[in-house]
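Multiple structures are listed underneath, in structure tokens.
Shared between the two complexes below is chain A, which has chain B as its partner in the first and chain C in the second.
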Partner chain A sequence: MVRLSSFLLKTYHGGHIVIRLAMAGHKQSNRPFYRVVAAYNKRARDSKYIEQLGSYDPLPNIYNEKLVSFNSDRIKYWMGCGAHPTKPVAKLLGLAGFFPLHPMTVTEAERRRALVELAEGAAPEEVDKQQEL
Partner chain B sequence: MFQVITRSTPVIRLLAPRGAVLVEAVRGRKTRTDPKAKSKEGRIKTPPPVDPVEMVVLRERFTEYDLIMRALRLEFKEEMLRKRYEEEVGSLAEERAKQEAEEHRSLMTWNQEENLRMLKIRELRVQKEVEAAEVKKAEAAILREQAMEHFVKEKEGEIMRFQEEAKNFITLENLDQRIEEALDDPKNYNFAIDKDGRVVKRTVLQ
Partner chain C sequence: MAARCLFRSYSRVKNVDQNTRILVRCSRRMLCSVPSDSSSPDAHVKPQFMDAEVQDILTRIAGLDLEKVFRPIKQELKPPTYKLMTDAQLEEAIQSAREQAQRLLKMPPVLPERKPINDVLSEDKILEGMDTAKYVFTDITFNIPHRERFIVIREPTGTLRKASWEERDRILQVYFPKGARRLTAPPVFQEESLKVVFGQDRHEDVLDLCQVQFEPDSSEYIRVHAATYEDLEKMGKYDLLRSTRHFGGLVWYLVNARRVDGLIIDMLQEDLLQDAVSLVGLFNKVHPNSEIAQEASSQQASGLDLLKIYAKRESQRAGYIELALQAYEQTSAESSV
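Let's look at the complex of A and B:
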């Protein structure tokens, strides 16, 4: 596809550039696939972006991996130009090691661990109670 | 519009900026004039419970995270600016510019030489064409002269023929003489002629 106009023509009043996930156009299928993309804030999620900076496949593959890719040079460039990453992008980048680990990742992990411990604590108690009974 | 904080996680609630409005800003299928559903009339919406210990820890973590992110951002900005500067003003850029200038000069000289060469070739070609044109002109002139001569000769021949024929014309002086001659000399055209040229003078007499 030939881009006939440059991005300089469309100016947004008070808009900024974001690094976010955009759904790739696999329509009519129960198969999402995201692209990590630098786009203007005001644009629709899937519409014209400035540059693609990576991809994210939310469904695990046969080896139970979720594949993510990043173009670190260009991400550095856009961050230097003042782009803001969204929460999921920030979390992914934190897990990748590019950014510091996002606090919510840690908090979620702690919460889940607490629930698991609770469940383990409840299950042995039930087992004991049943044994007593 | 004011900055609206929706029913979001307590983290963002606490970290919200001061001027924000804590309003339920839910738009859905219904407009603001539609009545509430019967099953939802007595419902009191409560936010999810907040663990204060966790909240404090989370606050700390977020401040740290923000600090690191800001530092990273500035670092990236610096790196980008340095790269741009190097591209435009760095040592490599100067070398590239020099090389390009040299290339340009060499190409221009080559172009000049080519122009001279083509000029010489063109000169020769033009000369040849001129000579050929002259030769053609001369030939054409000769032909024209020949045609003229031929024409003149023909016309002269015709004139001679006419003159000779004029000797046999009937004029006012010859008129009487010719009448006498014609009357003296009767001619009989009563004959038939074949395609082969055989003349038949004998006619069918009745």
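Let's look at the complex of A and C:
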């Protein structure tokens, strides 16, 4: 894969900058919460990052919303400097309308719908069988 | 349509800046375009709340009772400080206190109710059933005013729409919390609780709380304010708001509803004739097609004559106003003699 890296990032030792989700909070809490972060590729997922660009809360709140925030100004800057977004970040930003839609989002939606249809197809059959018995 | 064309381009590394800039520009234009209502056939422009003359009249009527403005508010206890001053320094201190009182008395704006946002940015049927929860995307760039910020919601059906005003308020409070504002409105603002609080004469506290909690053009704010003003007018307790910053709003509401009787009688009872006169003047300005205004402009009346015209034409309790005016004239005649 061609790694584009702008002149501004050549100060580091050969890695490149990514925009990815880093888990915030502590691992013992059983409550995930992610930060959208610009970090070097080789660093650990949760360790020192360059800049925080937003947050993502995967658990829905009482209004059934998953809150995602992103600092569009700084994301544009880092993308301009040659940062790569990872797949989950690209999916989230595609859902937001900031990026075009990620193809995997569409595929996942189709797969889910197929699963739902399978389940509905299976449930009436089970009900029929029980009635026969 | 334009937005969908932009998003179809998959060469995102090249075009992402352009796309977002164009999106921002389009939406900024959409957000900022307010239709100017120049459809009224008659020539006069209705005086707005924020006009200089109207504000002037309202500040004068509201009064400046230093004792009431600086009465003790609930704050943490500090031991009092004592200063030794000469008379001149005392004068200066009183003057600066007056200026601070004027700043504290700055009236909160009265705005028309905001129109609901029903903007759908994109409908993607292919995404239906992708998740059971909505995704709320907020743009947390620092330098944008909150009114122009992007808060979009992706529903489980796949539509990407802008958040409604209530959702916007809640989410802005999550990411940019404001002082004493709470995420859900306190239960004081429901009808029954409002009645209880009005029974305890705490209209001012309710209005302050409403100021903190809601935006000035939200429907909740307007509803709570209308309920408070109605109750005040029914009970005749104008004095509760007299030297506070909510008095201007009360007067504006009553003038627009043309129910200034109670207020004028209250002013006459307190011997504030100049205030009553300016109130009638304001009424004439806001309703220039009414009988009083036309008579006043034809006779070039001012001062007590305005009050007499008002008593004759518009008020339901004319007798009381005329009696009060006669009493005032008698006392002024005696004092001049």
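Of note:
Here is the rule we use: the second predicted complex is superposed on the first by the 103 of 133 C-alpha atoms of A that agree within 3 Å, B and C clash if a C-alpha of one lies under 4 Å from a C-alpha of the other, contacts with A are read in each partner's own complex, and residues count from 1 in each chain.
Simple rule for what comes next: a contact is a pair of C-beta atoms (placed from the backbone, for glycine too) under 8 Å apart; a residue touches a chain by one contact, two chains touch by 3 or more.
Keep in mind that what you see is a predicted model, and the values were worked out from it rather than measured.
Contact with both chain B and chain C is seen for A:99 once the two complexes are overlaid on the shared chain. When the two structures are aligned on the shared chain, A:132 is found in touch with neither chain B nor chain C.
Of the two partner chains, chain C is the only one that A:68 touches; chain B does not reach it. When the two complexes are superposed, the chain touching more residues of chain A, out of chain B and chain C, is C. In the superposition on chain A, contact is made by A:113 with chain C only, not with chain B. In the superposition on chain A, contact of A:81 is made with chain B only, not with chain C.
Touching of chain A by both chain B and chain C, each in its own complex, is seen for residues 76, 79-80, 99-100, 106, 110.
Across the complex, chain A meets chain C through its residues 4, 54, 60, 63-74, 76, 79-80, 92, 95-101, 105-106, 108-110, 112-113, 116.
Of all residues in chain C, only 3, 7-10, 12-13, 16-17, 20, 23, 121-122, 124, 126-143, 150, 152-154, 158, 160, 171, 174-175 touch chain A in the complex they form.
On the chain B side of its complex with chain A, the touching residues are 11, 54, 58, 61-62, 64-65, 68-69, 72-73, 76-81. Considering their complex, residues 76-77, 79-82, 99-100, 102-104, 106-107, 110 of chain A touch chain B.
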